[in-house]
Each structure stands twice: as structure tokens, then as C-alpha cells.
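Chain IDs A, B and C follow the sequence of writing; residue 1 opens each chain.
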């Protein structure tokens, strides 16, 4: 393990490559409580990467399933009364049984789902909060220019709020943007791979949340897990863009490349930097 | 603006091209209350065309979000108690704040959702009703050969009912078929571009409803907005068919072509006719 | 018709080819009560194959629609209180009006949805139970290694349970695996076509359930209907794999090939065996 606050980038690349190998070998079972828009794409991202998705999102089964799963995703993209209830229940099952869970607080800022996200956080700490800048700001109680799921704030605007979320919940915060920032109490890394088209297809961000839960199921260092998920998706996206005429082709090629990309390439092309203060 | 009842086709083409330019420049935020089958495809259609989708479809958030959105889609494809309630709530938010909303009354004829569509209409006039012939007939109270979402009636059968809907709700009616008919109180145009494969992929009609809401957010003349959405989707479809072996490839290529097609080409290849009586 | 317990494989191939022809000619209307993950893919599989999907899954409309449909699919992948209620209601509508219905008990083993599946079975016999090995074991009351939707048990493990389900419900049981087994009270056939990648894309198994319901709507011999659906999907998959770099391309090519494959090729490449004891 790197010393506190000092990450060696070559070592980080190696840890990421190893995590990708482990994902494909161990095929973690990932319970997803996610939205109706991206459920299909998310399942296909997980399958292509090497994980096993299970979209169990009703209140009757969510707690028990979370105990058995390797990772749990709670995504607030299209909450309904019943699935919102299941999200809190699943978080409880995860916390009780030490299953790592990931919060992807899509669209918080709208009042009702903000409460759902806070209720889930109240149950116990997630392994990772994966969000865009506006959602990080909102979740930390700061002002955000909420304009639906497309964030209007920059990652840099959200860093102070991210530090606060890390402190309040003792978790990793992973902020998506042109450059992704991933931080915990001691470390802060950035991932500069990826492509603008990742925002031109619905569900890429949401599937990053799911992939983060998958990696958290095979990698106990959750900052490495979040970095691995981000790099795997971003490197696959770079490869996919090279052979895509438009966002339709890109969405499909992204699934292919998650299946095809090698662990070494993910580590090497990830574009990691240590920016620990 | 063209004189009442007399549309100049060259002028119409120009207005459509301008609307496509405006869509890409202004990136309207489109709230979609739609069905579980097409939510993903609809979001990708909107993103590829240049709009910003937000699938906010719960009763707690729909009214407020509709006030902030640039356009709202209400699609009755798979209504549930909670989302049906949200549809009426969203229509109210849209009407109250002058956000244009589009009704896509998928599957009306089945009694429960017919009532949901009528309840939404009762709240206040939509900008556009986008439907197939059977749904237009049903909504106007005429007999239709409802056979699920695949209409058994011809567009021509539905024109009298469409005129009645225009009068009752003071809105544009846009009827999809081999030739699309779009009419308001004074004008009646047809759009002959498109391809039969648009019916071999689920969600193409539904995404036309969403795209109509997007254009209504940037084009106050809602007949032009409906014509722009129809032409953009139809011309993109014609381009997509040219490089598709089957409907799977076509679905993906359609997304690409919505991203790639130029405003001029949409105007030029739209296939508009003025058939005002 | 083949004699009891003795199926001629050449005759079976011919019956399958004829069923594919009939599907494309008669375009059966298939009501799907399915999960949020695969609703889009399922609809596109049905459309590409030649059927007409209608995702009517609310309690108010499901019974009446099942009376009018040619086939009904009940899939328990993501049940909620309202859709679970609709599943039982749809089964009742199907049984009352002699519409063949197919049960795809996705994820049974989780207690709540197991009860939903049993409630639906209690209404009356389905034409076909389409499941993986773990689900067959669970539904018959045997122990299964339930690990979400990805079955850990082999088809061979489940054959005794399948025979019991056939006897209890007087229906066809179709078990998916590397080799698919389809059996009724008198006959037992296997289908060896297909490809491992059918498990690397979400919804392929679920769409087989829907396709089985479509064939049951045009082929009264439900063992032949189940064999036709299985062979059509497996042969299309083999063709799709040949031109796919990864699972993203495969998912799209599978839709294309369902549209392109000829009835004769489905019969010839199905890989049928009669293994009647």
C-alpha cells in the first residue's frame, strides 16, 4: 500500500490492472437498484466487464439479496415509492453484512429523491459515492445549479464539498467530469482518460456507478476500486470512439471494448495522477 | 409567417432547418414521463439530436420539474398508478408555467389509460398530440381497431377525428403513418420522408413524441416544431437504412444519423406538402 | 404428428420451419409482463422475428388484453406490487380465454417472487414454463444454488424437477443451457444450436420466453412452439456471432439475424435430437 497521502502512480496502475484481472476471475455478483432508463445498459456493461448483474429492487427481497451480493448499487435516477423504499432496505442489508455499497445520487437537488439519498446514507456508510459535481454539491448541502442529470457545475467547484462528504461518511467520493477526481480521507487521484461522447449516451455515468460497486466487491481498497472502474470505462470508451461514426455506434462499441480491453491496457492508459494536497 | 391556410413549402423547409439549428444550439431540457420499454432509446434519441433528457416521472417531483423544463412529454405506454398520477401532475406543472407539453397517448383504447390521457388533457391544452391513427380515433371518441401499439387504422381514417381534437384542445395534432399528417386550426401539412423500418424497432414513434417536445421548447410555432421533429427523425431514418442489414443495425444507425444529419438536409429531404383544405 | 414418445427429427425440423413461416405470416400479438431490464430488447426481438409486442403490465388492463392477445408472457425479473398483481391477473385472462401463456420465473428462489410465480401457476396451466436449471429446481421445490439470474445448476441436474413440473401443470417445460431441453408428458427433445455469448448479453433468455409465447400463438403443439423459439434464437445467435467483435455488436446483430434468417435455415441448423426415454 502506498504511504498516506502519497500514491505512486506506477504502483496505482499496477493495482488497477490487478483489480481488472480479479473482476474477470471472480465475477462479482452486483445487485443494482437503478433507474428504468439505464437498467439494460448497466446490466450489459457489467456482463461485458466480467461481473454478474442482478437487478433486485423491490423492498421484499432487497435486504436479503444485499447480504449475499458482492456489491450493491443504489442509483436514484427514477425513484418510485416502492423502489425508494427498497433502496434504503438494500443499504441496510449491505451495511449489516459488510457488503460494499455505492451511492449514485442521480438528480439530487430535486427534493424528494434528495431525502431518499440521505435516508440511505443515514443507514450506514457506503464504500463510494459516485456522482457528478452538482450532485456532490447538493449532497453536501451546498448550492448547485441543478439542471436535471446533466451537471452544470465543474468538478473543481465540488472539491470542497467532496472533502466534506468523505469526512461525514468516511467513504470514497468519485466525481465524474472531463477529468475524474477520486478521493478519500488521505488520498486524492485524478483520471484523465475518457472522451466527451461518454456524455452523449445515456447511462454511461450510471454504469460507472455499477462498475464501481463491482470493483468494490473484489478490491477492498475502495479508492483503488473506484479508480479501476473509472479507468476501465474511460479506456474502453477511448477505444470505442476510434471506430464509431456517432453515439449509437459508440454505445455498442463501448460494450465490446469493456469485454476486449486487457487489464494491462486499463492500467497503462488510465491517465492517473496523484494530486493529494 | 405564412398566411393562414397557405404554407409555402420552401419557407417551411427553411423554418425546419432553422429549428434544427436552434435545437442543437439551445439544448432544450426535456422532461419525459414515458414507458419502461423505450426510456433508454428515447433518452439516446434526444441526446443524439442535441437535447437534454430528464426522465422525472414521480408525483413528488414532476410538477416542479415541469416548470423548469423547456418541454414535457407524457407518454402512456406503460402507466402505473404512481406514474399515471405523475403524468397529470406534470401536465399541470407545464400548463401553469407555460412549458409546452406533448401528449403521446400510446395504447389508448384500453380503458384505464384512456382515462389517464383524458385526465391529463383536462388539466390544460398540450402543444401537440402525437399519435398513430387508432389513438387519434380513440381519443376523439370514434371507433378504432385497437390492437396494441401497432395501429390498424390508416392516417386518412383519422383525419376527421384529428380536426376535432385540434378544435377541442386548441393544439397541433401530429399523426404518424407511412405519410405523416400535421395539422392545427389553420394549416395542414404532410411529411413523406421516412422508412417502413421505423415500425420494426420499438420506440421510434415514442421517441418522435419526445423529439416533438424538444422542438416545442425552441420553436413557438408548434406546427413547425412537430414538422421539424418528424422530418429530423424521418430523414435520419432514411440515412440509417442505407447502411443497415436489419433492424438491430438500423436502431443504432438512427441514433448516429440524428447526431450527424445537417439542418439543411433535414429541411431539404423532409418531403413536405401543404394540403390545407 | 409424431407418435407418442417418438419424434422423427427430420419431421421436427420441418415443423419448426413451418412454425417460423407461420409466425412471420400471422404476426401474433404478444402481451409481455416482463422486467424493466429487458423490456426494450424483448420488444425488438419480437418485432425482428415477426411478432407484435405489447407491454401491457398493469392490473387494470392486463386481464382484458390477455383475452385479445395471441400469447402472453409472464416474467418475474423485476416484480413490484402492482406488476406482480398484473401477472396473476394476466394469467387469469389468458386461462379464461384459452390464450397460451408462458411463465419465465426469473430469479425464483428469492421468496417473494417465488410466491408470485406460484400464484400465477395456481390460476391455471401455462402452455410453457421457460426457465434455467436453478429456476426449474426451485419451482419444483428442490434445492437450487440460486445466485441471481445466472444459474449455477446444470440442465441435467434439473431434469427430474422438470418432469415433475410437466406432470403437476400439464405443460411443456423448456430449460435453457448449453444444450436446451424441452419436454412434455410424452416427448423430450434437445436443441444444441446456440452460442455461449447468449449469456453475455442481458435479456437473451428473457426474450426466449417472449418468443416462446409468440410461437405458442401460432403453433398449437406447444413443444414444437418451444423448440421453434429456441432454434430461431439459437440459429440467429450463431449467425450473429460470426460478425461480432464483442457482446455489444452481438446484441445488435442478433436482432438483425432474427429478421434475416430463413425458416429453412432455422429448421436445418436447429440441432434437434429426440431423447425421449
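What to note about this one:
Here is the rule we use: a contact is a pair of C-beta atoms (placed from the backbone, for glycine too) under 8 Å apart; a residue touches a chain by one contact, two chains touch by 3 or more.
Worth saying up front: this structure is predicted, and the values here are computed from it rather than measured.
Residue numbering at the chain A/chain B interface overlaps only partly, since under half of the positions present are found in both copies.
Overlaying the C-alpha trace of chain A on that of chain C calls for a turn of 120°, given as a multiple of 5. Here the CA centre of chain A is 34 Å from the CA centre of chain B.
Residue numbers of chain C whose C-beta contacts span two or more other chains: 36, 40, 80, 251-252.
Those residues of chain B lying in contact with chain A across their complex are 29, 31, 36, 39-40, 43-44, 47-48, 52-58, 60-61, 64-65, 68-69, 80, 82-83, 251-260. Across the interface of their complex, chain C is touched by residues 35-38, 40-41, 77-81, 107, 110-113, 147-150, 200-203, 244-249, 251-252 of chain B.
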